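The letters A, B, C, D and E name the chains in turn, as written, and every chain counts its residues from 1.
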Amino acid sequence: MSGLPFAGFLVLSGALLAVGLFGVLTRRNFILLLIAIEIAMNAAILNFVYFAAFARAPSPGLPGQAIAVVLIGFAATEVAVGLAIVLALNRVKGSINVAEASELKL
Amino acid sequence: MLPLLSLVLATLFVGTLATFLAGSRARWVALVVSSAFLAEVALLFADFTGWPGYSAQLVPGFSEGESYAWLHLSWLQINYTVGVDGISLVLILLTAILQIATVLYSWKEAKKPNAYFGLLLLTCLGSFGVFVALDILLFFLFWEAVLVPMFFLIGFWGGPRRRYAALKFFIYTHVASIVMLFGLLAVVFYSGSTSLDFSAVYLAARGLAPVVQTLLFLALFFGFAVKFPVVPFHTWLPDAHVEAPTGGSVLLAGLLLKLGGYGLIRWGVELLPIGFAHDRSILFAIAFLTIVWGSVVSLSQRDLKRLVAYSSINHMGIVLLAIALNSSLGLLAAVLLMFAHGIVSGLLFMTAGSVHHTFGTRDLPAVGGITPRTPALSTMVMVGSLASLGLPALIGFPAEFTALLATWDGLRYLVFIPLVILVVTAAFYLWMMQRLLFGPVRGVPDGAHDIPWYEGAGMGILVILTVLFGILPSLLTNVIVSSPIRGFPGP
Amino acid sequence: MNLEEIAFAILALVAVATATLSLLVRELVHTILWVAVFFVDLSAIYFLLYAPFLGVLQLGVYAGAVTVLLLFGIMVTRKRIFAREAATGLGPVPLGLVLTVFIFLVAALGELPQGLVAQRSYAPSDLSAYLFGPGGPWLLLLGLVMLTSVSGAIYLVREGRE
Amino acid sequence: MAFGGVAMVLGVLLGIGEASSPGSYTNVQFTWLKLAPSPGPFPSGFELVMGTLVDPISALVLVVVTVVGFLVLLYSIGYMHHDRGLPRYYAELSLFLAAMSGLVISNNLLEFFLFWELVGLCSYLLIGFYYEKPSAASAAKEAFLVTRVGDVMFLLGIFLFFFVYATKGPAGTGGWAASGFVFVHGAAPFVPVGTGNATLLTIAGIMILGGAAGKSAQFPLHVWLPDAMEGPTTVSALIHAATMVAAGVYLLAVTSLFLGFTALDQTVIVAIGGFTAFFAATMALVHPDIKRVIAYSTVSQLGYMVLAVGAGFTMVGLFHLFTHAFFKALLFLAAGSVIHAVGTQDLFKMGGLRKKMRLTSAAFAIGGLALAGIPPFAGFWSKDDILSSVYSTLPSHPAYWPAFLLAFAAVFLTAYYIFRAWFLAFSGDKPRDPALEHAHEGPWVMAVPLVVLSAVAIGGGLLVYLPGFAGLLLHGGGTPGIPPTLSPTDLLLSTASVLLAVGGILLAWRLWGNGRVAPLPSSSAVRSVRQVLLARYGMKAAYDWIGTKGVYTLARGADFFDRFVIDGTVHGFERTFGGLSDRLRRIQTGVVSDYASYVVAGLIAVFALMLLLAPYLLSRLGGA
Amino acid sequence: MSSLFDLAGTFAPELVLLAGALLVFLLDVLKLRRLELVGSVSVGASLLALALVVADLGFAPFASLRTLSAAQVNPSLSALATPLWTFTSLGLVFQGMFLLATLLVSVASLSRGSKETGGPIFFGLLLLATLGMLLVAISSDLIFLLLAIELSSIATYVLVGYTRRGLRPLEAAMKFYIIGAVSSALSFFGASLLFGAYGTTNLLAIREVAGTVGTPILALLGYAFLLSGLAFKATLVPFHAWAVDVYDGAPSDVSAFLAGGTKKVGIFAVLLVFLGPILFAGAGGSSNPFQGGPFTLGPILQVTLGTLAVVTMTVGNVLALLQKEMKRLLAYSSISQAGYMLLGVTIGTAPAIAGATFQVLAHVLMKGGAFLVVAGVAGLGIGPLVDDWRGLGSRRPLLSVAFALLLLSLAGVPLTIGFVSKFVLFSAAVQAQGFFVWLAVAGLLNSALSVFYYARVLKVIYFEAPPAPLPTGGAVVGGAGPEPLRAGGLGIGRAVAIGVATALVVALGVDPQPLLGPIQAAASHFVFFWR
């Protein structure tokens, strides 16, 4: 069983990370930001899964997958908190546009 | 034997605290503390049997030495180490004198007297500490401890632009002291010393390569030079003096500037003789620049305090010159000059303060011919000015004489520069006296009285000492020479 | 190029494309749709990487729970579900920054890890054994994180009811 | 007063004692400043002492100081009785007398300098006695400053001598330095001994001359003395005629006796002395102020003394100092008497005062005759001695010729200007200014000094023939001056000089006698010469320009530089940091997306650091 | 089940905090929401935990500090070749400092007034955040470390916005959350790359092979991502931008906790992650990752961290120069202080780490205290601008003295802890010589620069007249006197907290030896352990 091409794979996770970051930088809707962050997070999870599948040492794969499990849970939790914050902000300000929430500056 | 130095420190410390807490009776507490301080200094002099000389490893010794462990890092020993030699003893005497004179002079300070007198005492405490500290960190601690009270003295009790002046003072001197600390630490670490004690660092620094010594000395010099101050790092001084309250000015000129000179001698010249020898030409150039600049700029000053401030710069330039000569005569002259300048500039700033209190202004064109109205004040102004311009029989003369003689020994005809500047110095003092004291009366308000008794007492002490030490400078010089100024043994 | 690689290439392309689309489309609900596709696509990749359990988990947690959560968020914060996203911060600077990161990542990998060995696929029981054995503290920590976020999130949201 | 009297008695006793048994006493001595042995120019350290040395020359000058001092104090009772600041006056005058006596009996150069400055201070205070007058305050300042220039040179001279002789000299152990640099009476001067640096010694001598020139108002530092006449006339008599200004001559005398001058020094001193004698006399020719005329004459006479000392005739110079002190004090006190009576110093307002003030008139005439060098008045003996002494050296020192000729010509001018003053003030029928009609003599306290001084001015020169007094002069130092003789050469020279003087008096009588006021010649050349003389050859203006415009402008410029360039640089730093801070502050936009882009930018920066910069740096620096 | 008891004993401080948090939530559910009550639980829990940590360190003699490995703690865990946590004495010291910060904030928050409704959630999350911080201090596994950091992060996201009403706190929470989440994504991405490079996420295992691995670029990229992620927590420039807004927008007590507590988590995490590679002596290979052959990671990391440290100090200080708002000024000063701490981590010698640790301790006290003062002053009705503090010196002398002492300490004036810590740090840098001397120079120049703005604040407090009262429509009774401050004091709790912080700042400035000695020993142990 031959492995998937390493470089090609890292291109994928790198691209996902880049897209996620790009979303964070460009979008103004908080929910879109949450999605962008999730995409970036998934890039990291993907890496763990990949390195669990293709590893140098004889059996380090399992921890990689275990980490991925934990991270999937973590990412979901993080989204929950983010949503709570966005709801609270929306309640006070009536908007979830992050560019409009710029009272604190300079 | 009594731990005299620690006793003095404790006295001053407790006294400062008591003054802060004493409320409206602060001045009495301050006076008692100052008297006690003076008495203890007298004890110190009585106890001082002379300089113990060099130790077996050729480290200069100190009298009244005390040393206790303070802070022990795994790679560094920091101790509470104090001691005196002739140089520091004379400057301690200056501290005690100026303290009591300033307390007396400021007797009727009305604005928060407890804080005012407390800060005065704290300044003197710091100065005393600097003069006795023989551990780099302890030294630096006291060095900084002078800064803070002076910052508040200027900033709270000062003139109209006091905030600017206080800030400027604080920043200038703090930046300098940080550079100085860095230089000292670099000496420690490059020499491989594992202790911050003077003797340990002194011994270790013998082994430093000349290039390293040269660079480190320059760093140290910068740190001390701002305190001196030398041109072009001097512009904080006129501002600070102009804005400071009189008591602050007196201590600023009398003590703080001396810290720079003392520091340079103790921690620069003694520690890094080779670097010092290499850098001497730079020091000379700066010293001459300072001498000329301070004096020439004085000529055009309208504000009495500014004038005296620039003349201080001029005098401290001579101190630097004397130190840079690297001869025993030069060091003797430098210490003597510092003492003389401490007394005389203290006196002059007091008179400037009194002029301000009495006439409401220090602007020379605005007030003049005051002699008939305030003869006592005029006399003080005159004595101070004459002493400052180096009239014999007053304290400025022996100092300047030795300094110039040493300059001749070291630099031959370059002595012309300070000599010519001596004339310029005379010129601006004479011009000032002509405008302020003589001529037709102008700008004197109707209700102007002569100085009150307490201001007179403060100045009187200084006048008496000006004359006493002017006639008998050997009282001081015999003490000064009991220190390693006889020349340092080579590396 | 074997089948696995071809599949991987296609799935990868889809992943990048759906991720990009989800962030670029203007209808927020379309965004959710594309995100769901992205998550499903990822779970397919996990299957390809001998992690079937993870694939399932991904489907459940992300394609299911997280997507619904996000949809819920949009519903609460928008008057109309099909509202369009107004202002965007598209511009050369963010693009340049992100591209630079990407280029760094890819260009630096001139040298691949040598001797990577494909591992066998793990049974869920192996995974759970590890997670409740040596990896236990991770789960424990995750639990604490969840406790914190849930209590915090509930608190933050609860105010709206008062 | 009483102290002054006691001092005089003591001083005269000392003088008599010294005259009867020439020798020296070193009584008091205490350490002033001490340096332990140390490497450098003073290997065995040095000890500066304050002590007293009474020898013939100090005794001679001490007599002058105390006697004239007492007389002036006496005179002041009358002259100053209406002044407000009398206590101050007496205090300052007493301080002066003390300092002057100290100067005279100093036993080393440093102590000499110390008192030298003190007398300068007293001079400053007394010139500025009427400090409400701006001109007085200004004159005081000028006097201090100009002498300060000399003092500075003096100080350098001291350094040079100390340096050259530190390890040499008579003291034996450790050289002069170890002995406290004290003068040793009777020893030969150092200079012939001094194998030391000839150039240094020459410069040292010139520096000492500079000091002396400042104090004794020699060219080019003479400008202050005429202005010093702003002080009370008594002060002018005591300080600016009899004693303090003579201190410069005394300094030269002391130096030549104990240290010695090189040949070049001597030539310079002679040249300065001769030139000043003439130069000052010319300015006295036209001045309308009675005190300033006498002041210029003082400068001129001091030039004679300097000339003598420079030529090597120390004691002759001191002899002239002695006689000059008395007759010049007499002139001033007489002038003071006039001023006291008429309240003005303008000669052209006076006239005919002889009838109202006979004693004063006679005293002034006696002083004038003494000054002019008419035998047998005191000035004749001493001045003639100078001229003949210098004349005797001309063959061996041709360089002295110009100085000698100028000095000789000055004899004529001296006689002319002093009698011009006398005729203008005293001759004629009545004052030209009618306001001066009520002039009258002062009280007895003012008369007594005039009488005493007149007596000395008449007979003082003859004291030379007193064996004791001549002994003072003869035993003065290692190189005795030429004693006054009446040898044929001298006779010829004396006759010539007396004839010149008489000619001067006659010319004065011709122009100003009997209350005449000679009309100003119409020739423009004479007018412009007069203008130049009145303007003191423009030197005063030039000095003022340097002092105010030049230096002050420089100072203003420096102050400007200080405030705006040096401080401006500091503020520039502040502004730069402030501006930087302000600019950097703007990156804090408040928009979280921007913050995220900083994070990404930071990530890129870390990449660049780790992958590019750090490896590059490390490879350049050679590993860790 | 002795092993369970052992485990409970080992993690006693952590369990105490967890129990405290749960108790608080329980009280919340039981509607027992009085601030004093829940606050006391928090104070009690943190105090107890602190006592336990100190007991763990061993009282006297301090020299016998224990460095426990997981295997020693619990034999049942010895099966793990590579434990996820390791008790190091330095970790315990950091735990103590974290608990100190929590304790200060808890005590001060006791006196926040009973009209506060968010008491339970505040103290509960405070305890949970502290729990995360404690776990950071003992972790020896990347994932464990990152999750622990996230625990404290998520708790603080909510804490910042816990008032729920104000716009500013919620905006701050939003910014905090977004940047935090992005950073956590970056951190995990970095961790995944490291996992790929080394085949493990265990720091102890990585230490064994650091630098020798055949894929230095992957490792480097991993470290770069990880550094960027952790830099968020440690507020290193340019990852700092959130901190200013958050410190500004958050309630001041929370700011005190953020600046005084959680920021140090980032510092310790950086220390933990990077110390191994830095110290790795390796085979002395080249530092060029593109060259192939043996490779030394340490110098590259040191250059990178050093540069970041210098940039952080400088930018923080420069930005503070012109700040007009007190909290933002303190925030920038806090950022620059992070640079000093990173300096010590960069150098990686025992003295330097001791210096950094002491600097952390100093900063807990100084900045925590300062923010507590700000919170108290806001309670007195004084505005957020520095200029609003005019004349406070005469109106609130004691409070002003405390604040002045704290600021002087921040400026590094002797006889304060701020001086000692900088002194130890810079002297360690100079002692390390070479490249690090320049770091010390940069640090010194920066501390000189920092004096500008501290002095400015002091100037405002002491030298300027109190603000004149606003014209109130002619009904002014008293006339020209300054506007009276709102009645009432700071509250006992806050006063105690500020007093303790100030007293410690001075006491440890005068005689730091009692703590400096143990910290040095702990640092040497730590370095020894990680070498």
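The rule we apply is simple: a contact is a pair of C-beta atoms (placed from the backbone, for glycine too) under 8 Å apart; a residue touches a chain by one contact, two chains touch by 3 or more.
These numbers come from a predicted model, not from an experiment.
**Student:** List every chain that touches both chain B and chain D.
**Tutor:** Common contact partners of chain B and chain D, which must touch each of the two, are E.
**Student:** Quick check on the contact graph: shortest path length from chain A to chain C, in steps?
**Tutor:** 1
**Student:** Counting C-beta pairs in contact, which chain pair ranks first?
**Tutor:** Top-ranked chain pair by contacting C-beta pairs: A-C.
**Student:** Report the chain closest to the protein's overall CA mean, measuring from each chain's own CA mean.
**Tutor:** B
**Student:** Which chain is most remote from chain A in terms of Cα centres?
**Tutor:** Most distant chain from chain A: D.
**Student:** Look at all chain centres (mean of CA atoms) and spot the one farthest from the centre of chain E.
**Tutor:** D
**Student:** Suppose each chain is reduced to the average of its Cα coordinates; what separation in Å results between chain C and chain D?
**Tutor:** The mean C-alpha positions of chain C and chain D differ by 101 Å.
**Student:** Using mean CA coordinates as chain centres, what's the chain C-chain E distance in Å?
**Tutor:** 31
**Student:** If you average the CA atoms of chain A and of chain E, how many Å lie between those two points?
**Tutor:** 26
**Student:** Give, as an integer number of Å, the spacing between the C-alpha centres of chain D and chain A.
**Tutor:** Centre separation, chain A to chain D: 95 Å.
**Student:** Could you say which residues in chain D touch two or more other chains, in rising order?
**Tutor:** Those would be 585, 588, 590, 592-593, 596-597, 600-601, 603, 607, 611.
**Student:** Among the residues of chain A, which are close enough to touch at least two other chains?
**Tutor:** In chain A, residues 17, 20-21, 24-28, 30, 34, 50, 55-56, 63, 67, 70, 74, 77-78, 81, 84-86, 88, 98-99, 101-105 touch at least two other chains, as defined above.
**Student:** Could you pull out the residues of chain C that touch at least 2 other chains?
**Tutor:** Answer for chain C, listing residues that touch two or more other chains: 89, 94, 97-98, 101, 104-105, 108-109, 112-114, 134, 138, 141-142, 145, 149, 152-153, 156, 159.
**Student:** Okay, what are all the chain pairs that touch?
**Tutor:** Those chain pairs which touch are A-C, A-D, A-E, B-D, B-E, C-D, C-E, D-E.
**Student:** Going by the contact rule at the top, pick out the chain C residues touching chain A in the complex.
**Tutor:** 2, 4-5, 8-9, 12, 15-16, 19-20, 22-23, 28, 31, 35, 38-39, 42, 45-46, 48-51, 53-54, 57-58, 61-62, 65-66, 69-70, 72-74, 76-77, 85-91, 94-95, 97-99, 101-102, 105-106, 109, 112-120, 122, 126-127, 130-131, 134-135, 138-139, 141-142, 145-146, 149-150, 152-154, 156-157, 159-160
**Student:** Of all residues in chain D, which touch chain A in the complex?
**Tutor:** It comes out as residues 585-586, 588-593, 596-597, 600.
**Student:** Could you please specify the touching residues of chain E with respect to chain C in the complex?
**Tutor:** Per the stated touch rule, the residues are 18, 25, 79-80, 84-85, 118, 121, 124-125, 128-129, 131-132, 135, 141, 143-144, 147-148, 150-151, 154-155, 157-158, 161-162, 164-165, 196-197, 214-215, 217-218, 220-221, 290, 292.
**Student:** For the complex, give me every residue of chain A touching chain C.
**Tutor:** Counting only chain A, the residues touching chain C are 1-12, 14-23, 25-32, 34-36, 38-39, 42, 46, 49-50, 52-56, 58-59, 61-63, 65-70, 72-81, 83-88, 90-91, 96-97, 99.
**Student:** Would you mind writing out the residues of chain A in touch with chain D in their complex?
**Tutor:** 21, 24-28, 98-99, 101-106
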